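After this come two complexes, each holding chain A, first together with chain B and then together with chain C.
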Partner chain A sequence: MTENLNIEVSPISRVEGHGDLVIDVKNKKVEELIMRIPESPRFFEAMLVGRNWSEPSHITSRICGICSVAHTYASIKATETAFGVKPSGQTLKLRKLIFHHECVQSNTLHVYFLAAPDFLGAGSVVPLVETHPDVVKIALRLKQTANEMVRIIGGRAVHPITTVVGGFTKIPTEEEMLKMKDMLKSTYPDLEKSLKILKTLKMPEFERETEYISLTDKKDYALYDGDIKSSDGWVIDGQQYLTKINEKVVRHSTGKHCWASRDSFLVGALARFNNNYDKLSDKAKTYAAELGLKIPCYNTFMNNFAQFVEIIHSIDDSIKLIDEIMEAGLDEDKAMADVNIKAGRGVGVVEAPRGLLIHDYTYNNEGNVLKANLIIPTNMNYANIEMDMDAYLPLIIDKSEDEIRLAMEMLIRAYDPCISCSTHFLNVKLVNK
Partner chain B sequence: MSMHNSDSASNNAANINYKIIGFGNIFMSDDGIGIRVIEELNKINFSEDYRNVVLIDGGTSGIDLIFTLKESDRVIIIDAVDAGQDTGEIVKFKLNRLSEFNEKKFRSFSLHDISLAEVFNLMRSLNINPDITIIGIKPKLIDYGEKISPEIECKIPEIIFQIKQEIEH
Partner chain C sequence: MSKPKVGIFGLTGCGGCQLEILNLEDQLLDLFAAIDIVHFTEAITEHSDNYDIALIEGSVATKHDLERLEHISKIAKVIVSIGACSGIGGVNCLKNLYGVEKAKELVYGDKKEWIDAIETKPIDEYVKVDYYIRGCPPNRSEIVDVIRSLIVGKIPEIPNYPVCVECKRLGNTCMYDLGKTCMGVVSRAGCGARCPSAKSGCEACRGFIDDPNVNAQKDLLAKYNLKIEDIMGMFNLYNACKKTDRKTI
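Moving on to the complex of A and B:
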């Protein structure tokens, strides 16, 4: 083991946002190993206070360009729960449909553009155009299809505008539904090709069992709705999240650390895969098997593959949802439910691409926000990232500094952290003392 | 991205179609300047006077810019840019002058999935070559906040003047 090592990565590239990784080893002993998040995460909560009920979903959709649909719906669900609004079955299906495609947008961005360069030996996505043009072209086609899906349903490819408390201000036409189905079907050859490429990638061998927390549902592979499930054996209604999920401020970061049944837990695609494998489509299960992804999986690096498997599931389930909506017949009268304002509290819990996302609002009689609490997936993962780094470092300490730096960055990137919404930027500097 | 319609051209540069894309996060203070400029152009019905122009609120999207660029001939990008100029100073340059792009250590503050520089490099690698003009202003403050600094906000008319010049000449 290297006797002395001081690594500071500032910023860690190819993660959403900006932050620091600090590794300090003296006399073969790890003195410090932290992810430092330097900026304030509480701005949006403060900003929501005093706002009228129709505003939070539009404001919070701007928190992040990658998770705008997830923030929109965590927000809408919190408000609908507070007021007792009951959206129609058609609305719920359209919401699940748009939700799938933010997941595809984000998972595609991460798997192909942000993580693949590590595994294919490229510094970023740009050299991949030369070395692996097929990968870049497939990624762009998938991203464009997912963008188009979100645009048709949400009115825009990012920061949707048709999605409001009660339902939709505009629903897609039958023609658009059929167009979406055709677009989805056309992705299968690209997914097949991607599978062949991904199968050649070697994920680092690293296992650390932790607590996996995600939504769960009796029928669906839960993304839009469900109860909160822990691999440590509990399931709770999302409204009761405070009975299990705790937050604490840590000295080195303004992003709060979270814990539930033990010191840390993991949220995101791998948690969803571990908790809800049986609800995946058959094809997604086949792809998982081909990639060597089995439950329970304790290798964080495999989160990259879990994200890819979720893309397959989202395509399959979207086609099913479109068929169901078409069979029932699109009905403008079911686009909006009644909204009656009243004082109360509501919690909206969804699966953002990076994991569990919670919005908790309290409203007064006029429908203005009195209090807001947002818990963001990357905050939930911080403690687990640090514990993973703690366990992984001794396994690679004999490698060169450059290799250690890259390995630790890859570990952090495997979480697909989105620091821009949990806070802002991320930074790494590597110095031998 | 929201699109605001324009049919046929009716102005000086009648036959050339432009896309004006503003980038930024409206909740990150001066980072939102690109979006504020687009809002202002909508408010003054810019597309009525310049019917060959499409206005686009690009938000904080990164890689998605590729799709917009792919379908464009001429693009004007409005963003918070540090090209080594003074705070509040506006820079305007053509992206196809790559040497300038590198020399000036061009840095956009807005996009956070892949960087704007990566998007441009990727675009070149993919042989997507629209004519891109960047009009950028160096921000004073990039931090959580809804308001643009007064010394940046007061430059919006000047940015719009530069946009008009770019279209008319």
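Moving on to the complex of A and C:
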């Protein structure tokens, strides 16, 4: 084993936001293994206090550019629950549709642009333009389709406009629905090619079983709605999240850790895959099998493949949703439900691309926010990232310093962490070794 | 002609402006070919301190942000602000309305002394900004236009007329006639009236025009029996950062 090792990666690149990795080994003893987060705190809970009910979804969307649709809907669902608003079936289907494509956009960005360069021996997507032009072009086409879907339904690709409490300010036209269906169908050849490429990538061998938490639903592969499910054997209504999901302050840290049944848990594509495999489309299941992804999967690196499998499922399910909406007939009158303001509390839980996302609002009788609590997937994952790092470092300690640095960065990147999101309340966090 | 070296940086913000650069999709490869991106943490591992043009996203909201901004401004010959947080402060300024100390206490309780947070300000409160790419998020086409102008040494044209002009061109029904409030009368256009086109009132995410017709906004509010308080929430959503020389209504 290497006697001494001192690695500092600042900042970790190809993740959203600013995080640093520090590894310090002295006389074969790990002195420090840190994922430091110097990203600025944002104070969204304070920003929301006193705001009118129509504003939180627009404000909290700005927590994160990559998952603005997820924040928008966690927020809208919290407000609708507080007021008892019942959106139409058409609205719920359109919401599921836009939700799929933020996930496709985000998963594509991560798998092809942020993670793939590691496996293809490049520092970024830029050299891949020369060495692997096919991969880059497929990724750009997929992203373009997903962004266009979000734009058609939401009014723009980042920070959607039409998505409001009660429903939609504007719904797509019939022509746009058909256009979306054509766009979706045209992605299949690219997905087929992607599968062939991904099959050649070798994920590092590393297994550490942990608790996997995600939404779950009787019918759907849950993204927009459902109950909260743990692989440790419990299911709860999202409104009761505080009975299971805890936050604690860690020594030498201003950031909070989350824990549920044990010291840490994992959220995101791999948790959804492990908990809801049977709800995936047939094609998504076939692709998973081709990639060697089976339940239960305890290898965090396989999160990259789980994200790809979810892309296939989202395309399949979106075509189904469009058919269902068209069969019922688009109806402008069903775009908005009545909103009657009243005092109360509501919790909105959704699956952001990176995992479970919770907004919890309390309103006064004028419809102004009294109190807000937001729990973000990347925060939920921090404790698990550190425990993975603790377990993984001894396995690779005989490698060169450069190899160790890259391997640890790849492990962190596999989580697709979104640090801008997580620092709405977190500033610096240190691992206690 | 050698390719201009460009650094893309994020201060306090959501990363959405950098994402919109990655979202350029069919133009992204051309962009990579036309400029040499030497710093872009969100997408590229390699980074360098050798750049001519700095594109800066995000507000200054911590001492660390300020140190980074000062460092960048010493190197870059041209500074381009990208997005609302960087250009006008954006939603980050809502923290100022609540009070920085109070916000720290609400979110961090007895650990608030650990937190590096200062009053949020747009970057031009500290450094000279050469060009602004406006909006939350900015239009992709505008990002491309500004970069293209910089490459050929032309001054980018950013509209300085209100969003109402764009609504009229597009034939949109006025938001006030739909029973909604809207900041379009005094807000800077260039977005193609994106929000009113989606039947949602303008929230002035591109800031205000240099010479806003305050009387027109007042007349409009009077016509629809609204008071200034009725649109104050919309007014300060992106524009809560006070600036001494910035004209406001």
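Basically, the second predicted complex is superposed on the first by the 414 of 433 C-alpha atoms of A that agree within 3 Å, B and C clash if a C-alpha of one lies under 4 Å from a C-alpha of the other, contacts with A are read in each partner's own complex, and residues count from 1 in each chain.
To be clear about the criterion, a contact is a pair of C-beta atoms (placed from the backbone, for glycine too) under 8 Å apart; a residue touches a chain by one contact, two chains touch by 3 or more.
Here the structure is a predicted model, which is why all the values come from computation and not from measurement.
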{"item": "Partners on chain A (chain B, chain C) - clash or fit", "value": "clash"}
{"item": "Which superposed partner A:241 touches (first chain B, second chain C, both, neither)", "value": "neither"}
{"item": "Chain B versus chain C as contact partner of A:221, first or second or both or neither", "value": "neither"}
{"item": "Touching partner for A:301 - first (chain B), second (chain C), both, neither", "value": "neither"}
{"item": "Contacts of A:265 with chain B and chain C, given as first, second, both or neither", "value": "neither"}
{"item": "Contact breadth on chain A, by residue count: chain C or chain B", "value": "C"}
{"item": "Which superposed partner A:130 touches (first chain B, second chain C, both, neither)", "value": "first"}
{"item": "Partner chain in contact with A:113 - chain B first, chain C second, else both or neither", "value": "both"}
{"item": "On chain A, positions contacted by chain B and by chain C", "value": "14, 16-17, 40, 43, 47, 59, 62-66, 68, 109, 113-114, 124-126, 129, 136, 140, 143-144, 147, 155-159, 161, 420"}
{"item": "Footprint of chain B on chain A - complex, ascending", "value": "14, 16-17, 39-40, 43-44, 47, 59, 62-66, 68, 109, 113-114, 124-126, 129-130, 136, 140, 143-144, 147, 155-159, 161, 420, 424"}
{"item": "Contacting residues of chain C [partner chain A, same complex]", "value": "10-20, 22-23, 25-26, 28-29, 32, 37, 40-47, 58, 61-62, 64-65, 90-92, 94-95, 98, 102-104, 106-108, 111, 114-117, 136-137, 194-195, 197-200, 203, 233, 237"}
{"item": "Residue ranges of chain B in contact with chain A within the complex", "value": "1-2, 25-28, 59-64, 66-67, 112-114, 118, 121-122, 125-126, 143-146"}
{"item": "In the complex, chain A residues that touch chain C", "value": "11, 13-18, 38, 40-43, 45-47, 49-52, 55, 58-59, 62-66, 68, 109, 113-114, 117, 123-126, 129, 136, 140-141, 143-144, 147, 155-159, 161-162, 164, 169-170, 249, 254, 420, 425, 427-428"}
